[in-house]
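Consider the two complexes below, in which chain A is the common component and chain B and chain C are the respective partners.
And then the complex of A and B:
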(Lines of atoms letter the chains of each structure in order from A and count residues from 1; the text may use other names and numbers.)
(Lines give C-alpha, C1' and ligand atoms only; values in the text may rest on other atoms or scores of the structure.)
Protein backbone atom coordinates (compact mmCIF):
# COMPACT_ATOMS: atom_id res chain seq x y z
CA UNK A 1 0.00 0.00 0.00
CA UNK A 2 1.43 3.33 -1.01
CA UNK A 3 0.18 6.83 -0.30
CA UNK A 4 -0.83 8.67 -3.47
CA UNK A 5 -2.15 11.90 -1.92
CA UNK A 6 -3.33 13.14 1.46
CA UNK A 7 -5.02 16.44 2.22
CA UNK A 8 -6.22 18.16 5.37
CA UNK A 9 -8.74 20.91 4.75
CA UNK A 10 -7.47 24.39 5.57
CA UNK A 11 -10.85 25.82 4.61
CA UNK A 12 -14.27 24.17 4.60
CA UNK A 13 -15.38 22.46 1.37
CA UNK A 14 -18.53 20.60 0.33
CA UNK A 15 -16.70 18.12 -1.85
CA UNK A 16 -13.23 16.65 -2.18
CA UNK A 17 -12.04 15.26 -5.49
CA UNK A 18 -8.92 13.33 -6.46
CA UNK A 19 -8.16 13.68 -10.16
CA UNK A 20 -5.52 12.15 -12.46
CA UNK A 21 -5.31 9.05 -10.28
CA UNK A 22 -2.36 6.98 -11.57
CA UNK A 23 -3.27 3.67 -13.22
CA UNK A 24 -0.20 1.91 -11.86
CA UNK A 25 -1.94 0.20 -8.94
CA UNK A 26 -4.34 -2.72 -8.66
CA UNK A 27 -6.74 -1.33 -6.04
CA UNK A 28 -7.46 1.95 -4.30
CA UNK A 29 -8.08 2.63 -0.62
CA UNK A 30 -9.43 5.90 0.74
CA UNK A 31 -9.15 6.62 4.44
CA UNK A 32 -10.89 9.70 5.74
CA UNK A 33 -11.63 11.56 8.92
CA UNK A 34 -14.47 13.98 8.24
CA UNK A 35 -17.03 16.18 9.97
CA UNK A 36 -19.83 18.27 8.47
CA UNK A 37 -20.89 21.79 9.38
CA UNK A 38 -24.52 20.71 8.87
CA UNK A 39 -27.05 20.99 11.67
CA UNK A 40 -29.20 18.23 10.12
CA UNK A 41 -29.66 15.17 12.30
CA UNK A 42 -28.30 12.79 9.69
CA UNK A 43 -25.72 13.55 7.02
CA UNK A 44 -23.77 11.08 4.95
CA UNK A 45 -20.78 10.84 2.66
CA UNK A 46 -21.53 10.11 -0.98
CA UNK A 47 -19.12 8.64 -3.47
CA UNK A 48 -18.68 9.44 -7.16
CA UNK A 49 -16.35 8.12 -9.86
CA UNK A 50 -15.18 10.13 -12.87
CA UNK A 51 -17.70 12.85 -11.87
CA UNK A 52 -20.50 10.30 -12.36
CA UNK A 53 -23.32 9.80 -9.91
CA UNK A 54 -25.49 7.52 -12.07
CA UNK A 55 -25.58 3.72 -12.34
CA UNK A 56 -24.70 3.12 -8.70
CA UNK A 57 -26.33 0.47 -6.51
CA UNK A 58 -25.48 -0.44 -2.92
CA UNK A 59 -26.59 -2.35 0.12
CA UNK A 60 -25.54 -1.29 3.59
CA UNK A 61 -25.91 -2.61 7.12
CA UNK A 62 -25.90 -0.37 10.14
CA UNK A 63 -25.96 -0.32 13.91
CA UNK A 64 -26.98 2.73 15.91
CA UNK A 65 -26.14 3.97 19.37
CA UNK A 66 -29.84 3.70 20.21
CA UNK A 67 -29.59 -0.06 19.70
CA UNK A 68 -31.35 -0.05 16.36
CA UNK A 69 -29.95 -2.13 13.54
CA UNK A 70 -30.97 -2.67 9.97
CA UNK A 71 -30.13 -2.61 6.32
CA UNK A 72 -30.97 -0.37 3.41
CA UNK A 73 -30.32 0.08 -0.26
CA UNK A 74 -31.82 3.49 -0.90
CA UNK A 75 -28.55 5.39 -0.69
CA UNK A 76 -26.71 4.05 -3.69
CA UNK A 77 -23.45 5.96 -3.23
CA UNK A 78 -23.32 5.68 0.56
CA UNK A 79 -19.82 5.79 2.08
CA UNK A 80 -20.64 6.38 5.74
CA UNK A 81 -22.40 8.68 8.16
CA UNK A 82 -20.88 12.04 8.97
CA UNK A 83 -20.40 13.72 12.30
CA UNK A 84 -22.33 16.98 12.30
CA UNK A 85 -22.60 20.16 14.34
CA UNK A 86 -25.05 18.26 16.58
CA UNK A 87 -22.39 15.80 17.71
CA UNK A 88 -19.78 15.97 20.44
CA UNK A 89 -17.45 18.88 19.71
CA UNK A 90 -14.33 18.15 17.70
CA UNK A 91 -15.26 14.54 16.95
CA UNK A 92 -14.91 13.23 13.43
CA UNK A 93 -16.40 10.29 11.57
CA UNK A 94 -14.04 7.74 10.05
CA UNK A 95 -14.45 5.83 6.83
CA UNK A 96 -12.41 3.43 4.78
CA UNK A 97 -13.36 2.82 1.17
CA UNK A 98 -11.93 -0.05 -0.85
CA UNK A 99 -12.09 0.01 -4.66
CA UNK A 100 -10.62 -3.11 -6.30
CA UNK A 101 -9.55 -3.37 -9.95
CA UNK A 102 -10.20 0.29 -10.61
CA UNK A 103 -8.26 0.40 -13.88
CA UNK A 104 -10.27 -2.31 -15.65
CA UNK A 105 -12.10 -1.29 -18.80
CA UNK A 106 -14.33 -4.34 -19.31
CA UNK A 107 -16.08 -4.80 -15.97
CA UNK A 108 -18.24 -2.82 -13.57
CA UNK A 109 -16.52 -1.44 -10.50
CA UNK A 110 -17.32 -2.60 -7.00
CA UNK A 111 -16.57 -0.82 -3.76
CA UNK A 112 -16.96 -1.52 -0.08
CA UNK A 113 -16.98 0.84 2.87
CA UNK A 114 -16.55 0.54 6.62
CA UNK A 115 -17.45 3.61 8.64
CA UNK A 116 -18.30 4.99 12.05
CA UNK A 117 -19.91 8.20 13.22
CA UNK A 118 -18.49 8.88 16.63
CA UNK A 119 -20.42 10.89 19.18
CA UNK A 120 -21.23 10.57 22.83
CA UNK A 121 -24.95 10.06 22.17
CA UNK A 122 -27.42 7.62 20.70
CA UNK A 123 -26.95 9.13 17.25
CA UNK A 124 -23.61 7.41 16.80
CA UNK A 125 -23.57 4.83 14.08
CA UNK A 126 -21.43 2.23 12.41
CA UNK A 127 -22.06 0.87 8.95
CA UNK A 128 -20.63 -1.34 6.29
CA UNK A 129 -21.69 -1.25 2.69
CA UNK A 130 -21.13 -3.00 -0.60
CA UNK A 131 -21.69 -1.08 -3.80
CA UNK A 132 -21.41 -1.33 -7.53
CA UNK A 133 -20.83 1.27 -10.22
CA UNK A 134 -22.26 -0.31 -13.34
CA UNK A 135 -19.81 1.30 -15.75
CA UNK A 136 -16.81 -0.23 -17.50
CA UNK A 137 -14.72 2.93 -17.61
CA UNK A 138 -11.46 2.89 -15.70
CA UNK A 139 -11.66 5.08 -12.62
CA UNK A 140 -9.44 8.14 -12.99
CA UNK A 141 -11.07 10.42 -10.44
CA UNK A 142 -12.98 9.96 -7.18
CA UNK A 143 -15.33 12.42 -5.53
CA UNK A 144 -16.56 12.45 -1.94
CA UNK A 145 -19.21 14.90 -0.90
CA UNK A 146 -21.22 15.74 2.16
CA UNK A 147 -24.98 15.36 1.62
CA UNK A 148 -25.43 18.60 3.54
CA UNK A 149 -23.11 21.35 4.78
CA UNK A 150 -19.36 21.48 4.31
CA UNK A 151 -16.55 19.26 5.47
CA UNK A 152 -15.03 21.24 8.34
CA UNK A 153 -11.49 22.57 8.55
CA UNK A 154 -9.24 19.79 9.80
CA UNK A 155 -11.04 17.05 7.88
CA UNK A 156 -8.45 14.73 6.37
CA UNK A 157 -8.61 12.39 3.41
CA UNK A 158 -5.89 10.11 2.11
CA UNK A 159 -5.78 8.10 -1.11
CA UNK A 160 -3.66 4.96 -1.24
CA UNK A 161 -2.77 2.62 -4.08
CA UNK A 162 -2.41 -1.12 -3.59
CA UNK A 163 -0.40 -3.43 -5.83
CA UNK A 164 -1.39 -7.08 -5.88
CA UNK A 165 1.15 -9.31 -4.21
CA UNK A 166 3.25 -6.44 -2.99
CA UNK A 167 3.57 -3.82 -0.31
CA UNK A 168 3.43 -1.00 -2.88
CA UNK A 169 7.19 -0.68 -3.01
CA UNK A 170 8.41 -4.21 -3.71
CA UNK A 171 6.64 -5.87 -6.65
CA UNK A 172 6.35 -9.63 -6.81
CA UNK A 173 5.97 -11.57 -10.04
CA UNK B 1 -25.58 36.47 1.40
CA UNK B 2 -25.80 33.02 -0.19
CA UNK B 3 -22.92 30.73 0.65
CA UNK B 4 -20.92 29.56 -2.36
CA UNK B 5 -20.23 25.86 -1.91
CA UNK B 6 -16.85 24.70 -3.12
CA UNK B 7 -14.86 21.55 -3.74
CA UNK B 8 -11.20 20.87 -3.18
CA UNK B 9 -9.68 19.31 -6.29
CA UNK B 10 -6.45 17.40 -5.74
CA UNK B 11 -4.47 16.58 -8.89
CA UNK B 12 -2.65 13.33 -8.13
CA UNK B 13 -0.20 13.86 -10.99
CA UNK B 14 1.13 17.10 -9.53
CA UNK B 15 -0.07 17.14 -5.92
CA UNK B 16 -1.60 20.54 -6.62
CA UNK B 17 -4.86 21.35 -4.80
CA UNK B 18 -7.30 23.96 -6.05
CA UNK B 19 -10.65 25.13 -4.75
CA UNK B 20 -13.48 25.64 -7.24
CA UNK B 21 -17.21 26.36 -6.87
CA UNK B 22 -19.62 23.45 -7.25
CA UNK B 23 -21.37 23.31 -10.62
CA UNK B 24 -25.14 23.62 -11.02
CA UNK B 25 -25.31 19.87 -11.67
CA UNK B 26 -23.30 19.09 -8.54
CA UNK B 27 -25.54 21.32 -6.44
CA UNK B 28 -28.66 19.62 -7.83
CA UNK B 29 -27.20 16.17 -7.11
CA UNK B 30 -26.39 17.26 -3.58
CA UNK B 31 -29.98 18.27 -2.97
CA UNK B 32 -31.18 14.95 -4.37
CA UNK B 33 -28.78 13.11 -2.03
CA UNK B 34 -29.89 15.15 0.97
CA UNK B 35 -33.56 14.43 0.33
CA UNK B 36 -32.83 10.73 -0.25
CA UNK B 37 -31.12 10.44 3.12
CA UNK B 38 -33.93 12.30 4.85
CA UNK B 39 -36.46 9.93 3.30
CA UNK B 40 -34.36 6.91 4.28
CA UNK B 41 -34.11 8.12 7.88
CA UNK B 42 -37.84 8.90 8.05
CA UNK B 43 -38.67 5.39 6.83
CA UNK B 44 -36.24 3.83 9.31
CA UNK B 45 -37.67 5.80 12.23
CA UNK B 46 -41.25 4.94 11.22
CA UNK B 47 -40.36 1.23 11.05
CA UNK B 48 -38.70 1.42 14.47
CA UNK B 49 -41.73 3.18 15.97
CA UNK B 50 -44.14 0.63 14.43
CA UNK B 51 -42.14 -2.27 15.85
CA UNK B 52 -41.99 -0.68 19.28
CA UNK B 53 -45.76 -0.10 19.27
CA UNK B 54 -46.39 -3.74 18.32
CA UNK B 55 -44.07 -4.99 21.07
CA UNK B 56 -45.66 -2.71 23.67
CA UNK B 57 -49.12 -3.88 22.67
CA UNK B 58 -48.05 -7.54 22.70
CA UNK B 59 -46.51 -7.15 26.15
CA UNK B 60 -49.62 -5.48 27.55
CA UNK B 61 -51.90 -8.18 26.13
CA UNK B 62 -49.73 -10.95 27.53
CA UNK B 63 -49.88 -9.41 30.99
CA UNK B 64 -53.65 -8.99 30.69
CA UNK B 65 -54.12 -12.50 29.32
CA UNK B 66 -55.63 -11.29 26.07
CA UNK B 67 -55.08 -12.90 22.63
CA UNK B 68 -52.35 -11.41 20.44
CA UNK B 69 -52.67 -10.52 16.78
CA UNK B 70 -50.45 -12.34 14.27
CA UNK B 71 -48.25 -9.23 13.91
CA UNK B 72 -47.89 -8.89 17.69
CA UNK B 73 -47.00 -12.56 18.09
CA UNK B 74 -44.39 -12.25 15.35
CA UNK B 75 -42.49 -9.69 17.43
CA UNK B 76 -42.11 -12.24 20.25
CA UNK B 77 -41.71 -15.57 18.49
CA UNK B 78 -39.05 -16.19 15.84
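And then the complex of A and C:
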Protein backbone atom coordinates (compact mmCIF):
# COMPACT_ATOMS: atom_id res chain seq x y z
CA UNK A 1 0.00 0.00 0.00
CA UNK A 2 1.56 3.27 -1.10
CA UNK A 3 0.49 6.81 -0.52
CA UNK A 4 -0.54 8.50 -3.77
CA UNK A 5 -1.66 11.83 -2.36
CA UNK A 6 -2.80 13.38 0.91
CA UNK A 7 -4.76 16.61 1.34
CA UNK A 8 -5.46 18.80 4.36
CA UNK A 9 -7.96 21.57 3.78
CA UNK A 10 -6.66 25.08 4.46
CA UNK A 11 -10.05 26.52 3.56
CA UNK A 12 -13.55 25.06 3.57
CA UNK A 13 -14.46 23.22 0.36
CA UNK A 14 -17.61 21.72 -1.06
CA UNK A 15 -15.62 19.03 -2.83
CA UNK A 16 -12.32 17.23 -2.50
CA UNK A 17 -10.92 15.68 -5.65
CA UNK A 18 -8.07 13.39 -6.60
CA UNK A 19 -7.15 13.62 -10.28
CA UNK A 20 -4.69 11.91 -12.60
CA UNK A 21 -4.78 8.73 -10.50
CA UNK A 22 -2.11 6.39 -11.89
CA UNK A 23 -3.25 3.04 -13.29
CA UNK A 24 -0.31 1.14 -11.82
CA UNK A 25 -2.11 -0.26 -8.78
CA UNK A 26 -4.72 -2.98 -8.32
CA UNK A 27 -6.96 -1.34 -5.73
CA UNK A 28 -7.44 2.06 -4.12
CA UNK A 29 -7.98 2.89 -0.46
CA UNK A 30 -9.18 6.30 0.72
CA UNK A 31 -8.91 7.24 4.40
CA UNK A 32 -10.80 10.34 5.54
CA UNK A 33 -11.06 12.52 8.62
CA UNK A 34 -13.84 14.93 7.70
CA UNK A 35 -16.38 17.33 9.19
CA UNK A 36 -19.11 19.36 7.51
CA UNK A 37 -20.17 22.97 8.09
CA UNK A 38 -23.79 21.85 7.70
CA UNK A 39 -26.32 22.15 10.50
CA UNK A 40 -28.46 19.32 9.10
CA UNK A 41 -29.08 16.40 11.41
CA UNK A 42 -27.50 13.86 9.07
CA UNK A 43 -24.87 14.66 6.47
CA UNK A 44 -22.98 12.14 4.40
CA UNK A 45 -20.10 11.82 1.98
CA UNK A 46 -21.15 11.44 -1.65
CA UNK A 47 -18.71 9.75 -3.97
CA UNK A 48 -18.12 10.43 -7.66
CA UNK A 49 -15.79 8.87 -10.21
CA UNK A 50 -14.38 10.62 -13.28
CA UNK A 51 -16.71 13.56 -12.45
CA UNK A 52 -19.74 11.32 -12.92
CA UNK A 53 -22.60 11.26 -10.44
CA UNK A 54 -25.02 9.07 -12.40
CA UNK A 55 -25.45 5.29 -12.42
CA UNK A 56 -24.57 4.84 -8.75
CA UNK A 57 -26.34 2.57 -6.28
CA UNK A 58 -25.59 1.89 -2.62
CA UNK A 59 -26.82 -0.08 0.33
CA UNK A 60 -25.71 0.41 3.90
CA UNK A 61 -26.17 -0.98 7.37
CA UNK A 62 -25.99 1.41 10.32
CA UNK A 63 -26.13 1.58 14.07
CA UNK A 64 -26.91 4.74 16.04
CA UNK A 65 -25.77 5.81 19.45
CA UNK A 66 -29.40 5.89 20.47
CA UNK A 67 -29.56 2.13 19.94
CA UNK A 68 -31.37 2.13 16.62
CA UNK A 69 -30.18 0.05 13.69
CA UNK A 70 -31.30 -0.05 10.10
CA UNK A 71 -30.49 -0.41 6.45
CA UNK A 72 -31.13 1.98 3.58
CA UNK A 73 -30.42 2.54 -0.10
CA UNK A 74 -31.82 6.00 -0.81
CA UNK A 75 -28.49 7.84 -1.01
CA UNK A 76 -27.07 6.30 -4.14
CA UNK A 77 -23.54 7.74 -3.78
CA UNK A 78 -23.30 7.14 -0.03
CA UNK A 79 -19.76 6.70 1.30
CA UNK A 80 -20.05 7.34 5.04
CA UNK A 81 -21.43 9.76 7.61
CA UNK A 82 -20.03 13.16 8.53
CA UNK A 83 -19.74 15.06 11.77
CA UNK A 84 -21.55 18.38 11.47
CA UNK A 85 -21.70 21.83 13.05
CA UNK A 86 -24.26 20.37 15.47
CA UNK A 87 -21.70 18.01 16.94
CA UNK A 88 -19.13 18.51 19.67
CA UNK A 89 -16.44 20.96 18.56
CA UNK A 90 -13.31 19.50 17.01
CA UNK A 91 -14.89 16.10 16.35
CA UNK A 92 -14.36 14.63 12.90
CA UNK A 93 -15.80 11.52 11.25
CA UNK A 94 -13.60 8.65 10.08
CA UNK A 95 -14.23 6.79 6.85
CA UNK A 96 -12.34 4.22 4.84
CA UNK A 97 -13.29 3.51 1.25
CA UNK A 98 -12.02 0.43 -0.60
CA UNK A 99 -12.18 0.39 -4.40
CA UNK A 100 -10.97 -2.88 -5.97
CA UNK A 101 -9.98 -3.30 -9.63
CA UNK A 102 -10.35 0.39 -10.39
CA UNK A 103 -8.44 0.17 -13.69
CA UNK A 104 -10.55 -2.57 -15.29
CA UNK A 105 -12.41 -1.64 -18.46
CA UNK A 106 -14.78 -4.59 -18.74
CA UNK A 107 -16.72 -4.45 -15.50
CA UNK A 108 -18.63 -1.95 -13.40
CA UNK A 109 -16.83 -0.57 -10.35
CA UNK A 110 -17.77 -1.61 -6.84
CA UNK A 111 -16.62 -0.11 -3.55
CA UNK A 112 -17.19 -0.63 0.14
CA UNK A 113 -16.99 1.82 3.01
CA UNK A 114 -16.63 1.68 6.76
CA UNK A 115 -17.39 4.87 8.68
CA UNK A 116 -18.07 6.29 12.11
CA UNK A 117 -19.48 9.59 13.31
CA UNK A 118 -18.35 9.79 16.91
CA UNK A 119 -19.64 12.96 18.53
CA UNK A 120 -19.18 12.46 22.24
CA UNK A 121 -22.95 12.91 22.28
CA UNK A 122 -26.12 11.09 21.32
CA UNK A 123 -25.85 11.34 17.53
CA UNK A 124 -23.10 8.73 17.17
CA UNK A 125 -23.38 6.57 14.11
CA UNK A 126 -21.43 3.72 12.60
CA UNK A 127 -22.10 2.31 9.15
CA UNK A 128 -20.81 -0.08 6.53
CA UNK A 129 -21.86 0.20 2.92
CA UNK A 130 -21.53 -1.28 -0.54
CA UNK A 131 -21.56 0.94 -3.60
CA UNK A 132 -21.63 0.33 -7.31
CA UNK A 133 -20.83 2.62 -10.23
CA UNK A 134 -22.42 0.92 -13.21
CA UNK A 135 -19.79 2.05 -15.69
CA UNK A 136 -16.90 0.11 -17.21
CA UNK A 137 -14.53 3.07 -17.51
CA UNK A 138 -11.27 2.92 -15.58
CA UNK A 139 -11.33 5.28 -12.61
CA UNK A 140 -8.91 8.15 -13.17
CA UNK A 141 -10.33 10.65 -10.70
CA UNK A 142 -12.36 10.54 -7.48
CA UNK A 143 -14.61 13.27 -6.09
CA UNK A 144 -15.96 13.45 -2.54
CA UNK A 145 -18.76 15.89 -1.72
CA UNK A 146 -20.51 16.80 1.48
CA UNK A 147 -24.24 16.18 0.97
CA UNK A 148 -24.83 19.58 2.58
CA UNK A 149 -22.45 22.40 3.44
CA UNK A 150 -18.68 22.26 3.02
CA UNK A 151 -15.85 20.21 4.43
CA UNK A 152 -14.28 22.28 7.22
CA UNK A 153 -10.71 23.54 7.51
CA UNK A 154 -8.48 20.80 8.89
CA UNK A 155 -10.31 17.96 7.14
CA UNK A 156 -7.78 15.45 5.86
CA UNK A 157 -8.02 12.77 3.22
CA UNK A 158 -5.43 10.38 1.84
CA UNK A 159 -5.45 8.20 -1.26
CA UNK A 160 -3.44 4.97 -1.26
CA UNK A 161 -2.73 2.49 -4.03
CA UNK A 162 -2.52 -1.23 -3.38
CA UNK A 163 -0.11 -3.06 -5.66
CA UNK A 164 -0.90 -6.35 -7.30
CA UNK A 165 1.73 -8.98 -7.83
CA UNK A 166 3.16 -12.13 -6.38
CA UNK A 167 5.77 -13.02 -3.82
CA UNK A 168 6.61 -16.08 -5.92
CA UNK A 169 5.72 -18.35 -3.00
CA UNK A 170 1.98 -18.16 -2.53
CA UNK A 171 0.13 -20.05 -5.24
CA UNK A 172 -3.49 -20.14 -6.29
CA UNK A 173 -5.47 -22.99 -7.77
CA UNK B 1 7.48 8.00 0.92
CA UNK B 2 5.97 5.89 3.72
CA UNK B 3 6.85 2.22 4.04
CA UNK B 4 4.39 0.04 2.14
CA UNK B 5 2.32 -1.99 4.59
CA UNK B 6 0.48 -4.26 2.16
CA UNK B 7 2.77 -6.78 0.47
CA UNK B 8 1.14 -8.47 -2.53
CA UNK B 9 1.34 -12.24 -2.09
CA UNK B 10 -0.84 -13.47 -4.95
CA UNK B 11 -3.46 -12.17 -7.34
CA UNK B 12 -5.54 -14.22 -9.72
CA UNK B 13 -8.01 -13.03 -12.33
CA UNK B 14 -10.07 -15.99 -13.43
CA UNK B 15 -9.96 -16.80 -17.13
CA UNK B 16 -12.92 -19.13 -16.72
CA UNK B 17 -15.43 -19.81 -13.98
CA UNK B 18 -14.14 -21.71 -10.95
CA UNK B 19 -15.86 -23.55 -8.11
CA UNK B 20 -13.17 -22.48 -5.64
CA UNK B 21 -9.82 -20.77 -5.33
CA UNK B 22 -7.08 -21.94 -2.98
CA UNK B 23 -4.19 -19.85 -1.71
CA UNK B 24 -1.35 -22.09 -0.55
CA UNK B 25 2.25 -21.94 0.68
CA UNK B 26 1.46 -18.79 2.66
CA UNK B 27 4.62 -17.70 4.47
CA UNK B 28 4.50 -16.98 8.21
CA UNK B 29 6.45 -13.75 7.91
CA UNK B 30 3.56 -11.30 8.24
CA UNK B 31 1.35 -10.28 11.14
CA UNK B 32 -2.00 -10.28 9.34
CA UNK B 33 -3.44 -11.20 5.96
CA UNK B 34 -5.84 -9.16 3.84
CA UNK B 35 -8.04 -10.92 1.29
CA UNK B 36 -9.83 -9.00 -1.46
CA UNK B 37 -12.43 -10.40 -3.85
CA UNK B 38 -13.99 -8.41 -6.67
CA UNK B 39 -16.30 -10.61 -8.69
CA UNK B 40 -19.66 -11.97 -9.71
CA UNK B 41 -21.37 -15.35 -9.42
CA UNK B 42 -21.08 -17.77 -12.33
CA UNK B 43 -24.76 -18.73 -12.05
CA UNK B 44 -27.83 -17.84 -10.02
CA UNK B 45 -28.64 -14.55 -8.31
CA UNK B 46 -26.22 -14.67 -5.41
CA UNK B 47 -24.34 -16.91 -3.02
CA UNK B 48 -22.66 -17.04 0.34
CA UNK B 49 -18.90 -17.55 0.11
CA UNK B 50 -17.31 -19.87 2.65
CA UNK B 51 -13.75 -20.60 3.74
CA UNK B 52 -11.66 -23.58 4.80
CA UNK B 53 -8.25 -23.26 6.42
CA UNK B 54 -5.39 -25.73 5.95
CA UNK B 55 -7.73 -28.23 4.27
CA UNK B 56 -9.95 -28.56 7.35
CA UNK B 57 -13.47 -29.21 5.99
CA UNK B 58 -15.09 -30.08 9.33
CA UNK B 59 -17.88 -27.55 9.68
CA UNK B 60 -17.95 -27.97 13.45
CA UNK B 61 -14.51 -26.42 13.72
CA UNK B 62 -15.80 -23.11 12.38
CA UNK B 63 -18.19 -20.47 13.68
CA UNK B 64 -19.23 -17.06 12.42
CA UNK B 65 -21.68 -14.30 13.31
CA UNK B 66 -22.96 -11.84 10.75
CA UNK B 67 -25.19 -8.76 10.43
CA UNK B 68 -26.47 -7.43 7.13
CA UNK B 69 -28.79 -4.94 5.48
CA UNK B 70 -30.49 -5.02 2.08
CA UNK B 71 -31.45 -1.37 1.94
CA UNK B 72 -34.69 -1.89 3.84
CA UNK B 73 -34.32 -4.69 6.34
CA UNK B 74 -31.58 -5.86 8.68
CA UNK B 75 -30.73 -9.36 9.80
CA UNK B 76 -28.14 -11.18 11.83
CA UNK B 77 -27.31 -14.76 12.56
CA UNK B 78 -24.66 -17.42 12.95
CA UNK B 79 -23.39 -19.74 10.27
CA UNK B 80 -20.27 -21.89 10.13
CA UNK B 81 -17.61 -20.85 7.62
CA UNK B 82 -19.59 -17.82 6.41
CA UNK B 83 -16.97 -15.59 4.84
CA UNK B 84 -18.46 -13.38 2.13
CA UNK B 85 -21.25 -12.60 -0.32
CA UNK B 86 -21.31 -12.41 -4.11
CA UNK B 87 -24.06 -11.50 -6.54
CA UNK B 88 -24.76 -11.25 -10.24
CA UNK B 89 -23.71 -7.60 -10.18
CA UNK B 90 -20.18 -6.64 -9.20
CA UNK B 91 -19.62 -7.53 -5.55
CA UNK B 92 -16.71 -7.54 -3.18
CA UNK B 93 -15.39 -9.09 -0.02
CA UNK B 94 -12.56 -7.59 2.00
CA UNK B 95 -11.40 -9.73 4.91
CA UNK B 96 -8.65 -9.58 7.52
CA UNK B 97 -7.07 -12.65 9.12
CA UNK B 98 -5.50 -11.54 12.39
CA UNK B 99 -2.28 -13.06 13.72
CA UNK B 100 -2.67 -15.90 11.24
CA UNK B 101 0.72 -17.48 11.92
CA UNK B 102 0.42 -17.71 15.72
CA UNK B 103 0.29 -21.22 17.17
CA UNK B 104 -1.25 -20.38 20.54
CA UNK B 105 -4.65 -19.04 19.53
CA UNK B 106 -7.70 -19.87 17.47
CA UNK B 107 -7.77 -18.00 14.17
CA UNK B 108 -10.26 -15.21 13.60
CA UNK B 109 -11.30 -13.11 10.64
CA UNK B 110 -13.40 -10.01 9.97
CA UNK B 111 -15.15 -9.51 6.63
CA UNK B 112 -17.07 -6.76 4.89
CA UNK B 113 -18.96 -8.29 2.00
CA UNK B 114 -21.74 -7.86 -0.51
CA UNK B 115 -22.95 -5.69 -3.32
CA UNK B 116 -24.75 -2.39 -3.76
CA UNK B 117 -27.57 -3.96 -5.75
CA UNK B 118 -28.40 -6.55 -3.11
CA UNK B 119 -27.08 -6.54 0.45
CA UNK B 120 -23.99 -5.76 2.48
CA UNK B 121 -22.80 -7.38 5.67
CA UNK B 122 -20.10 -7.67 8.27
CA UNK B 123 -18.88 -11.05 9.48
CA UNK B 124 -16.74 -12.17 12.40
CA UNK B 125 -15.51 -15.75 12.08
CA UNK B 126 -13.37 -18.21 14.01
CA UNK B 127 -11.50 -21.37 13.15
CA UNK B 128 -11.13 -23.41 16.33
CA UNK B 129 -7.58 -24.48 15.67
CA UNK B 130 -4.26 -23.10 16.91
CA UNK B 131 -2.29 -24.09 13.82
CA UNK B 132 -0.73 -21.38 11.71
CA UNK B 133 -2.71 -20.75 8.54
CA UNK B 134 -0.63 -21.90 5.58
CA UNK B 135 -3.44 -22.25 3.06
CA UNK B 136 -7.10 -21.44 2.67
CA UNK B 137 -9.81 -22.20 0.16
CA UNK B 138 -12.72 -19.90 -0.65
CA UNK B 139 -15.80 -21.22 -2.42
CA UNK B 140 -19.37 -20.10 -3.14
CA UNK B 141 -22.07 -22.37 -1.74
CA UNK B 142 -23.53 -23.77 -4.96
CA UNK B 143 -21.99 -22.54 -8.18
CA UNK B 144 -18.76 -20.63 -8.52
CA UNK B 145 -16.80 -17.49 -9.28
CA UNK B 146 -17.43 -16.15 -12.78
CA UNK B 147 -14.70 -15.53 -15.31
CA UNK B 148 -13.14 -12.13 -14.69
CA UNK B 149 -13.43 -12.33 -10.92
CA UNK B 150 -10.25 -11.17 -9.19
CA UNK B 151 -8.97 -12.55 -5.88
CA UNK B 152 -5.94 -11.11 -4.11
CA UNK B 153 -4.02 -11.85 -0.94
CA UNK B 154 -1.79 -9.36 0.87
CA UNK B 155 0.49 -9.68 3.85
CA UNK B 156 0.56 -6.92 6.44
CA UNK B 157 3.84 -6.25 8.22
CA UNK B 158 3.67 -5.61 11.95
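As a convention for this text, the second predicted complex is superposed on the first by the 164 of 173 C-alpha atoms of A that agree within 3 Å, B and C clash if a C-alpha of one lies under 4 Å from a C-alpha of the other, contacts with A are read in each partner's own complex, and residues count from 1 in each chain.
Following the convention adopted for this analysis, a residue touches a chain if its C-beta (ideal position, glycine included) is under 8 Å from a C-beta of that chain, and two chains touch if they have at least 3 such contacts.
The shown structure was predicted, so the numbers you read here are calculated from the model rather than taken from an experiment.
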More residues of chain A are touched by which partner: chain B or chain C?
C
Taking the superposition on A as described, I'd like to know which of chain B and chain C A:9 touches: first, second, both or neither.
first
Just checking: does A:145 make contact with chain B only, chain C only, both, or neither of them? Give me first, second, both or neither.
first
Quick check on the superposed pair: does A:20 touch chain B, chain C, both, or neither? Answer first, second, both or neither.
first
Per the contact definition in the header, classify A:128: touching chain B only (first), chain C only (second), both, or neither.
second
Is A:163 in contact with chain B, with chain C, with both, or with neither (first, second, both, neither)?
second
Output check: A:68 vs chain B and chain C. Expected answer is one of first, second, both, neither. What do you get?
first
Would you check which partner chain A:1 touches, where first means chain B only, second means chain C only, and both and neither mean what they say?
second
Taking the superposition as given, does A:103 touch the first partner, chain B, the second, chain C, both, or neither?
neither
After superposition on the shared chain, which partner residues are touched by A:53: those of chain B (first), chain C (second), both, or neither?
first
Common interface residues of chain A - those touching chain B in one complex and chain C in the other:
70, 72
Show me the residue ranges of chain C that touch chain A in the complex, using the header's touch definition.
1-2, 4-12, 21-27, 36-38, 40, 67-74, 89-92, 94, 112, 114-122, 148, 150-155
If we count contacts the way the header does, which residues on chain B are in touch with chain A in the complex?
5-15, 17, 19, 22, 26, 29-30, 33-34, 36-41, 43-44, 47-48
In the complex, the residues of chain A that touch chain C are 1-3, 26-27, 56-62, 69-73, 98, 100-101, 106-112, 114, 128-132, 134, 162-167, 169-173
Residue numbers of chain A touching chain B in their complex, please.
4-5, 7, 9, 11, 13-22, 40-44, 46, 53, 68, 70, 72, 74-75, 77, 143, 145, 147-148, 150, 159
